[in-house]
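Before anything else, here's the structure in question.
Going by the order they are written in, the chains are A, B, C and D; count residues from 1 in each one.
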Amino acid sequence: MHKAGIAGATGYIGYELITLIHRHPQLEIAWLTSERNAGKCFNQVFSTPWDYPLITLADAYLRTDEVDVVFLCLPHAESMEAVSRFYAAGVRVIDLSADFRLKDVDTYKRWYGAEHTAPQLCAEARYGLCELFRGELSGAKLIANPGCYPTSVNLGLYPLARAGWLGQRVIVDSKSGVSGAGRKTNLTYQFVEANENITPYSVGHRHRHIAEMEQVLGAANGGGHGGPLRFLFTPHLLPVNRGILSTMYVDVSPGVTEERIRELYAENYAGEPFIHLLPSGEQASLAHTVGTNRCAIGITPADPSQTDGSEYVITASIDNLVKGGSGQAIQNYNIAVGLDETAGLK
Amino acid sequence: MHKAGIAGATGYIGYELITLIHRHPQLEIAWLTSERNAGKCFNQVFSTPWDYPLITLADAYLRTDEVDVVFLCLPHAESMEAVSRFYAAGVRVIDLSADFRLKDVDTYKRWYGAEHTAPQLCAEARYGLCELFRGELSGAKLIANPGCYPTSVNLGLYPLARAGWLGQRVIVDSKSGVSGAGRKTNLTYQFVEANENITPYSVGHRHRHIAEMEQVLGAANGGGHGGPLRFLFTPHLLPVNRGILSTMYVDVSPGVTEERIRELYAENYAGEPFIHLLPSGEQASLAHTVGTNRCAIGITPADPSQTDGSEYVITASIDNLVKGGSGQAIQNYNIAVGLDETAGLK
Amino acid sequence: MHKAGIAGATGYIGYELITLIHRHPQLEIAWLTSERNAGKCFNQVFSTPWDYPLITLADAYLRTDEVDVVFLCLPHAESMEAVSRFYAAGVRVIDLSADFRLKDVDTYKRWYGAEHTAPQLCAEARYGLCELFRGELSGAKLIANPGCYPTSVNLGLYPLARAGWLGQRVIVDSKSGVSGAGRKTNLTYQFVEANENITPYSVGHRHRHIAEMEQVLGAANGGGHGGPLRFLFTPHLLPVNRGILSTMYVDVSPGVTEERIRELYAENYAGEPFIHLLPSGEQASLAHTVGTNRCAIGITPADPSQTDGSEYVITASIDNLVKGGSGQAIQNYNIAVGLDETAGLK
Amino acid sequence: MHKAGIAGATGYIGYELITLIHRHPQLEIAWLTSERNAGKCFNQVFSTPWDYPLITLADAYLRTDEVDVVFLCLPHAESMEAVSRFYAAGVRVIDLSADFRLKDVDTYKRWYGAEHTAPQLCAEARYGLCELFRGELSGAKLIANPGCYPTSVNLGLYPLARAGWLGQRVIVDSKSGVSGAGRKTNLTYQFVEANENITPYSVGHRHRHIAEMEQVLGAANGGGHGGPLRFLFTPHLLPVNRGILSTMYVDVSPGVTEERIRELYAENYAGEPFIHLLPSGEQASLAHTVGTNRCAIGITPADPSQTDGSEYVITASIDNLVKGGSGQAIQNYNIAVGLDETAGLK
């Protein structure tokens, strides 16, 4: 059995990671950290029978020999140091924070407002969007697990970008369940405030996850139709526990039919166990993916009467806590060490 | 126009009070207080166009001449002093805290853990459960607005208690929307924690609202069947914004038929504009009352095949923010000063 | 007192109409029709004490002398005949169906798939988007109450269109509560299917409400920037009971600053009791409008760092059952007959 | 690999069964039936990539040689014949309908209003409440999977009944998610009707599941305190997708302390992988069990100040679709054929 540590285990992602590790035939929990709850057991923090003791990160640094992998669910900027220490101790690291997702430390600083303290590791880190970068993940010692919104957007648009068919202007209207905000107690996420409501936020090129869309899709689309991509991304707080739906409005190269786009996606995602391409006329919804590691993708022309129209509505949904967090982290680990990629994720 | 001040106006009850006052033909807002938000306007605290300035309680004490009535939505134990000061200034007071609901200051201290600092006013205060104590409310200068749970329970069982037909053991299983907890940010009331969940709390003679049930129903049933009442009250946190449903299991005097009980309720509540007695076989639900000042009451024998069975299931629902708070407060004011009792509440 | 009949009274809009009429100082219910429930009382169909008898439409035709106005909440295509008959009988008509919203009967036929049987009345009918067409509504005998989605979109964008500042491509991503589908029992609207989910539908120039956007905004923008408008409208089924949020992505004439746009909106909507223009940086949410007759509008540049950028995100929210249905209907009646426009709607 | 057929696969329980079978290391799907959707594939009926063809029951009868077990998710009264035919063909049967749960066919007829057509199989059938009757399930060819409500009630109270400590009067106030009603389209289960609501139903000895409580607990308690049990059971429709919480009000033999009761439960459920006994002061909630095969049980004295008081509040929660349906069915199969009892259920 492989042994896993989880740092920052008492958030929603930590809870899901434990659930998935319990289902994984080759992985088991070694230790869990929580700065706030160290000394308690996990079942004093969540409604569950799991009585794992919670230790501090400082204690975890002394127990690196007990683990094959550490999943880090720490806040951005805090994660850098922990990643460096586990990495230095020779432990494989799957970092679920934003700290190693961006190749360029200046871009990191601009979006996250923090100086990167481990720039040499940024070059080392692999961006763990499995379906797109599987080749780079095998054997990787440090994997940056993608953000939840970009996972839906990048999987939803990558085939178009890679083919160079994606128009410059990409409008992304995303809706996310409240767990995306973490296990916090702000008034905004209070039941009465969020329930029976929907609220746009970070409107106008403000949300940090745009950087991951630019990095992945911008690079892929580089030589293509329309030049550098410009994202207009509007996230909304949705009154559900989990799930992200991204409704994307894009221009594709003139004359490309829905059928050709469907072939393109089918080729790009052939054999992918977690990509669910929907048939013509069907749209992605949360019901397609919540509770699973899948990404569902729908493709619809803006004007179905014009078969060579260039505008499309692409819908993509994921479970933000699974494919957008814990599930993709497990998938990344499976790939990195050569296990069945779907282990623990069926 | 009568002028109203609201102390502690930035909770859910305060918001509802403003809504109802806007609909009231003879009442308008004079000032609003909020210790935390003084200096801001109301529309910086809630998603609304209402731009009332928020002042401190200290400032409100200097502006008692601008108001005919103050509605106090302050925490218990804090309300006592404010009530005393407004009362001393000759302003009519509707207190929505628990501080003046209990006749007996020792009972108050036992349940609320605080010494009562204005015991002389307790004698002065009228308990504002309008349908039961209307006679005492006319002209009242200080009215203690009832708690939300007891409003549903006391209205649901009073006719039985008054007739002396209520058995000793009263089991109350109540379910309340999350707004009942106030506009707070505890983890318990966070969307992800409360949504898709239901949680019993304060189980086992622990909830303070039991005191109001004992005071109202215990006194009424005094000479009746079965001696002093014993309440077993279990509140549950329900994943809805507002509304209380109380499902009550009671014994009535042997031989009393459903028909006789229905006659009893019909007599007790004849002409009441806000009591909705449901026909035989229909149960109270939140849909009957949310958004209204009504209390809906259903009456069903535990075993319909035994027409003289003595066990009954009484269901009662109210909107905790309206009949259980702001609406009853307005109704109390209307009664106290002799306005149409339904003004603002249709 | 003015007397109102409601045809098709047992849907969600009918229920809201009754609620608002009860609050209206000069309006009261004369009769209610329901083909399916005729012979029953209203409280056998909804959880409410209102025991109005339900009659057939055929009976209502014999009782036109009892009413000053009829509100018709009938399905499109069915409404035409009823409107014609009430109109012929000299009764003022507020039609909440789509039958008289479109000026052009060919457009009607194309979108609704039905031949219009009363084309002469189409010319007579006034489109009841009160804030935009108030001048045409005074004295009107037949008012077509706007659709719910178009109410949010047209109010949200009209100032830009009227100024001729609106770019050709208008992308509207709307989210609607489930009551928008009516009181139906399709599997799609079943609790378990809709809850914890969000689903795009009618994607790709398919939703009939586009016609009202084209009619109102297209005409207004006629001489302006960018030529005829092209709408890309994607509605989503949102897991809330009520409310619509429309997130709109538009281009405005180059060089127009946020400040100028705000001035434009402020002028257009000066003194409007039901338009809530949000301050810079604040977005419309359902919480701004649910339970009210208001429309809240937020205006945010796509890239706040470019003060003369031409892309904007306009957010608009309404309660689909109130401003998008019953409330606007009452507002239309108030305007038509010269009552205080806000009567019953405060 | 063992092969499973599912009859009536397109309800919520069927969907969950497939999910669990996918996680089960020794079980796989052979065929699925659906009378209404035969000829379609599963992914045309649910939002999922699973493209299993759906066949008729008649076709399934011809393919009994392809399966080791059939899970039947058919309506009661319809299931009898299918059970008989699969049983006769030598296939192991887990029946999720009510048809073989009751030992006594007269009791069956009284509660379900149907004549039992296979009374001889009733004697053969084992009642699959795994934790209580594991001994009888090993090798069983026909297992009747318990109802969802009785699973929570019987697991919650069995230790008391078995010890003969349970008082005669058992009051059960249960709350169930809407999936408990099946994938139906009644108005009651429409989103707008159920959301933001809670409704008691089948009040007053009317719900069929009482029969299973009487059969299991009544028999166990036979020789004990207080004579035959009388259940007062009130189910409520709760606005969540899944989960049951039963709040139970019971009398236990005088003088039995909470500590003794806790010891009793700990002994009865020692080593049980799916029973979660909560520590003193903690109550069962849906969050403890939704998405799992667990039953969480809380035990609290009605009056904690009286350590020998005889009234207790027992709370028990399960996921109605898992422990109350599909999960218990898999657990039953695992026990029957000697697999690891937790296979597929971790």
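Everything that follows uses one rule, which is that a residue touches a chain if its C-beta (ideal position, glycine included) is under 8 Å from a C-beta of that chain, and two chains touch if they have at least 3 such contacts.
All of these numbers come straight from a predicted model, not from anything done at the bench.
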item	value
Option reproducing the contacts of A-B, where over half of them reappear, out of A-D, B-D or C-D	C-D
Pair sharing more residue contacts (C-beta pairs) when B-C is set against C-D	C-D
Chain of greatest Cα-centre distance to chain A	B
Distance between chain centroids, defined by C-alpha means - chain A, chain C (Å)	39
Cα-centroid distance, chain B relative to chain C, in whole angstrom	37
Centroid distance [mean C-alpha coordinates] between chain D and chain C, Å	47
For chain C, residues that touch 2 or more chains besides their own	193, 195-196, 239-241, 285, 287
Touch list for chain D against partner chain C, complex	12, 177-179, 183-187, 189-196, 239-241
Chain B-facing residues of chain D, complex	171, 173, 175, 193, 195-201, 203-206, 232, 234, 236, 238-243, 245, 247, 249, 283-287, 290, 298, 300-305, 311, 313, 315
Touching residues on chain C, where the partner in the complex is chain B	22-23, 25, 47-49, 196, 276, 285, 287-288, 291, 294, 296, 346
